[in-house]
């Protein structure tokens, strides 16, 4: 049963990722894209967590943890330069 | 005091990182986090005046409670909004002045506003807080809710 | 290592499904909401409730191992609580500064509506790097 | 004895770090640099002396026996390269003077220069294919830094062509290592040599082809040479000389190392022979049309690397010996010619032969050019003649008449472009106030070495022959690597001295 | 005195003494004296050796024994005779040169070069070792190059010098092959030994065929003769020596030397037509020349043809004739050139259109010229008559078809010779001046007449002393050439009675004189310009340059993408068989989650190609990185997952920094053909690369190390994370070097952007003016930064047993430091980020060498357990190593970030930055 | 997983090559990153897939454990390619700022006059030719 649920959950997250990808590509503003990028990182964290039930999978949680702490830095830096108009939208 | 708190929290976090709750792990964690705090002390302008722990914990609990409630209730509400066939939103920029004095508590307020569905902090500049409200539901005063649920306990925390 | 009681299993399963569902919902929000400022709200939700639920599930599942790995899972949530508001705030402010269009139904004005000139390249200041490098 | 190998690696690494950390001025840095380069030469010579006796030095890093740990191996081939590099390093440092080339340029050149040597020495000594890949990267990155030392537009616009092709090469190298691992189950060179026979032939060929393409890019063979004439004119003069002497030779080294070891049973070497031949001929004709001195010389590098590669790829004793002797000659002479180019460009303040003030450089430079240029063209009595003779003899032994013809024609074109340089750069008598002999000392040093090579052609050729023998007798190499024992420090440091 | 010493002395004496003079900066007169002395010493030594009974090779030293190169001389009558010829003429030319130039810098240079040339020519004639012979052969060419081009700055002279050197060197290459062939075949490179061998005719023919180009080029045979008239750009004394008497004879000498070895080849006869054509063509061109020096040059061409023709007759007697004519020609032609020099000095011109009546002013020169020219024309009783008579006689004895060619060649050529000889004498010295400044003709210094006079005397004396010449010179030398005594032959004499040769001689002289004096015949006035050899050579060289420009364009000037595509294609082309193999088997079913990931990846990648904005592309590629990271997760590679994610974050940040203020993307559309080529290449390479995965799965060999690593990591290396153990222990050297790669890249970024390294920049980059705006970031980072630090340390510490390790921790610290840069108004300490990085490098180097102290190889780790506070604290030096990695990576990342970070926007800080520079 | 990897590698190479061989320096950098991913996946494929990560639990059982060596090699390669990408981004920035160029151009052939006039530091005056 667990595996069925995992599969469905993963499918939902992947579906979410695909929708997010749509937003990333579509924009229209660079901020939308950044937002979508960040959301995709969250989706990856979600995927890793869904798979984290078994012992070996625990080994991947550190990755999720690191991503949770660091993925926003890229957004922050990009947002800075977008705000200052140094990167074309 | 702050240092002790940092060490304590850090030790616990460390235990979490390592998934083994023995004294040695905790001590290492405490040392490491103290060192980390020291190394990044430049970023710590001021510091958290958290002197009285029990009261602080109680206030934090209060905040956490409202936070959880908001999270569940407002999320459900927002879920409905997003999934409704005819999606109509009335966003609103709301400016208000916080009575919180310390930068740290102000920022915690800002974070809490963002984390609860329906509102996102746009700017905090001194006392001025600007938030973006996703859907201005008539009859619901976001600012009032924020004031009562988060600002008030934070102010009490400040006062400690 | 003992196995999990079935009710806990069920709770974990439910949390997993619900968490994933919140992800999906926030993604739908991301797609459907009309302007950038509204869309910022979406991932904030996924980060909060979605991840929190997944973490609850994963923590429950890790219980039989007997050690405290679930703290690590909780840390994920804690970290996201720290970082996601920051990034949404930064994005929001930057977008407002750059005057990203918003739905006409919006009321009020963002913080930077009047001081947009304080940032951005319109102020005519040239960047150090763009100027000829005369050093040496 | 095996500590020597470690020392040869560590010295330039430490030097690089120290130079970067040091706050002293360019002259001070140069003194520090010389302080490291001299012992480097001593160590290199010590390695050479040991290997000349037929010994193969090994050093098993981490105390792990191969194929589990990385092992350094110094046979004659490796020792030869290490010594040549140490000599070139000294000459380059000697030539690179703050007063002449600018304080900042010298200060900025020295640290990456030593890290370049760090990577090069590592490449020559390593007995592990993946480690070689990493060493290549160190070399590459250092060279990128050195390329930017002169500053200016041209440095910058030369960067991408240089980087891109080398990255593609690195990519192929990496995949090639992967395929080799897939085919033989190891990345240890000796292990590969042992396992390659049982590997799937198609997989083996694919892997080796990738490696060879990667090495060919490094060696500047046709059609992958475009980065070379773009790069060499940009570098600071003495650094360009070191590059000219050693950078493409890294590719040659890699081929010399791997061809006999594990590429023999594939069709690749026979293809490589023709790539080498085409390079030697086409590049030298291309050189004929160039008017920028260092660009011209850059094409020559490809041409002569072509000689060496075809000699190596024929995998016969005579041609390998000829190619190795040619290599020694080429390294000395090509470095000398780049020193000449540096002198000429500085005295006449241009890089274009057409606008060079003929005779601006002094008689010392003219003399050096005569020796080096005619040597490059293979004219007697200079070292190039013996080098050419050795290769021709080798080709004769294996009855490769067409290749022989290619070599002969290429050498005439070489002469033609040397004469062209002579016309523009030295066509008029030296001016009275031209640079003196002392300022050309590094150049004359290289020329003296080239003359010494011609005079002592016998012993050097004997070494080349012994090296060829050693390369073809793979068993010696394998035995040496197999002799590395597990020598970890037991728990608790019982072996404390 | 030993033979080795004397023979060596013969060779080196001239150069040695001249160089001695030049190095000690003696005046030209002294240098000349020294050079003449050197030549005379050589002469005497050669004469001494000739007087000794010893004949054979003497070995001085082995040079490159593996290739049979040695320094050894051939002490034979012919070599010694040639040596004497070279040195005597050398001495005379040097004397003349010194007188001709007077005190000048050029004279000193020319004298030294002449002496060097003399030595190389002596080496050539005396060398026993074939390679030594070749060596001197080439040196004569090189020295000749400098002598011809000695008028530096003169483009025409340079062109001539280059022409000469390139042609003769090209011709010499097959000679080298011939020598290699002979040595490989016989195992000896000694000419003496070789001459005693009997080679099969086929081998003789191969060797001769390879040797002929050298002869044809060096001795200026048609059609490769054109360099010789060009070489007249050299000063006249130089031409006298090199281009008439000695160097151009090298080919003839070589033929004489190898005659016993290769004379049996039927190919030998081909020399006859070559020589005949050259003889005729040279004469006819000489007839058309108005510059008397060029006239002499063409005359030399003609005479060399005559010599070649004679040798081509291929009999012992023909060799005898050739030897005689070789010496005779050397003497009279050297003399004639020197006379031309005298004319030039006396009249200031060499043009027949201006000269005339010079006898009035320089009667003695006229006499000398008449004698020497008479010898050239073959007028009895001069030496030239003797030798030409002999040549004619031999030619008549040959086979019919050879006979025809030879006789017609000789006759036609000689008629021309007579004609231009008479023209030279009559038009220069007799009649009246045609406007040349003969009126200003000074009396020539006696020193300018000495050398021609001696040569004239020699040529004059040969006729009457024919018997003597035969007995003491011709007979022994010929014997030495052919390797045995000649059977009884008619002795050399001025008078053999009336025979066909004599009749022909008379016909030649009279027809020649008649056609010049009476008909005023001027054959081939200038020669058709298109057929001019020098012009053809220049055109060929230009064509080569053009071809080279085309090659250069193709090889180095196309768009880099072409070469990159080539390299990729070349690298992957060998995988085609594997691909076919892989595609023939149906692939295993795909994992559903994996497949979904790949579909997502595909969507992302397609989007990468289609979107427009750079930022979108960066984000998409970063998402692709996430997808790959997730594949790592599915491939059971937790360390890779962790590393890949942090790398993606870091790289995205760098792109944010790197995209600032860029010019717009290039808009020029790629041509459709190229686009299609690129697309097909991309798809093809993609298919190949993808099929490699299947191939590896199907035919891959098992790992030789995996089981050991899995066993040794926990037991010996004391780490459970085998990947980390591999990185810090089994293969720690990779890690060490790679860390340096990161450091270099980081410092390189600084060098690129700022144009200088991090060390020389002062850094201050307040992002926001403090207090103006806050937001959540500054406050939250107070929490985030220490947490990041704790996380990084944790990743470092547990890396040995769990996912993590130095790289990951370093990356985490690096990202944290970027955050700090973003947040902080001013972060002290970051200024030394590069220093931190280098400190990391230092730690790594320490751990590389530290184990040596314990007698263990580099990078050997130690581990143990310390008892403190009642608990066992495990320690492992791998941690120290990883610490170095952390420092280097984190420091490097921070340094690179700082380099790319925009400088402060506040005007005050701008001023600071300006001041710092 | 083999099929998944093969597909991923093929996709990455196709798009990587397409980007690398274009006119834009920026795209080329992205292309190189993608090609690096492909190479890394290929390297993992050399060791087979395995069923558990090469992080041991101390129980001594290593059945089905993935080959650690390719993973270690790939980790090294990831960091190297990161370093190179950093450098390339620096190059992108420098080309844009100092040369005003965003396109990959054939290597500059001889430009001696200018170089001679300004052999020292950078001159960032004009756009790239």
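In this document, chain identifiers A, B, C, D, E and F correspond to the written order of the chains, with residue numbering beginning at 1 in each.
Following the convention adopted for this analysis, a residue touches a chain if its C-beta (ideal position, glycine included) is under 8 Å from a C-beta of that chain, and two chains touch if they have at least 3 such contacts.
Everything numeric here is computed off the predicted structure, so don't read it as measured data.
Just to note, of A-E and E-F, the chains joined by more C-beta pairs in contact are E-F. Averaging C-alpha coordinates per chain and comparing to chain B, the farthest chain turns out to be E. Centrality by Cα centroid goes to chain D. One simple way to say how far apart two chains are is to compare their mean CA positions; for chain D and chain E this gives 17 Å.
In whole angstrom, the spacing between the mean C-alpha positions of chain A and chain C is 9. If you average the Cα atoms of chain D and of chain F, the two centres end up 25 Å apart.
Residues of chain F found to touch two or more other chains are 20, 42, 45-47, 52-53, 55, 57, 69, 73, 76, 80, 83-84, 87, 91, 93-94, 97-98, 101, 104-107, 109, 120-124.
Multi-chain contact residues, meaning those touching two or more other chains, occur in chain D at positions 104, 130, 134, 137, 141, 144, 151, 156, 159-161, 164, 168, 175, 178-179, 181-182, 226-227, 229-230, 290. Annotation for chain A: residues touching 2 or more other chains are 10, 17, 34, 36, 55-56, 58-59, 62, 65, 69, 71, 76, 80, 82, 84, 86, 89. The touching residues of chain F, when paired with chain E in their complex, are 1-24, 26-27, 30, 33-34, 37-38, 40-42, 44-58, 60, 62, 65-69, 71-76, 78-80, 82-87, 89-94, 96-98, 100-107, 109, 121-122.
Considering their complex, residues 1-2, 5-6, 8-10, 12-13, 15-17, 19-20, 22-23, 29, 31-32, 34-36, 38-39, 42-43, 45-46, 49-50, 52-53, 55, 58, 61-62, 64-65, 68-69, 71-72, 75-76, 79-80, 82-86, 89 of chain A touch chain C.
Interface residues of chain E facing chain F in the complex, by the touch rule stated above, are 556-561, 564-565, 568, 587-591, 594-595, 597-598, 601-602, 605-606, 608-609, 614, 617-618, 621, 624-625, 627-628, 631-632, 634-640, 643-644, 647, 650-651, 654-655, 657-666, 668, 670, 678-679, 681-683, 685-694, 696-697, 700, 703, 705-707, 709-711, 713-714, 720-723, 725-727, 730-731, 734-735, 738, 741-742, 744-746, 748-750, 752-753, 755, 801-803, 807, 889, 892-893, 896, 899-900. Residues 22, 25-26, 28-29, 32-35, 37-38, 40-42, 44-45, 48-49, 52, 67-69, 71-72, 74-75, 81-82, 84-86, 88-89, 92-93, 96, 102-103, 105-112 of chain C touch chain B in their complex.
Only residues 12-13, 15-17, 19-21, 71-72, 75, 78-79, 82-83, 87-95, 110-111, 113-115, 117-118, 120-125, 128, 130, 132, 134, 136 of chain B touch chain C when the two sit together in their complex.
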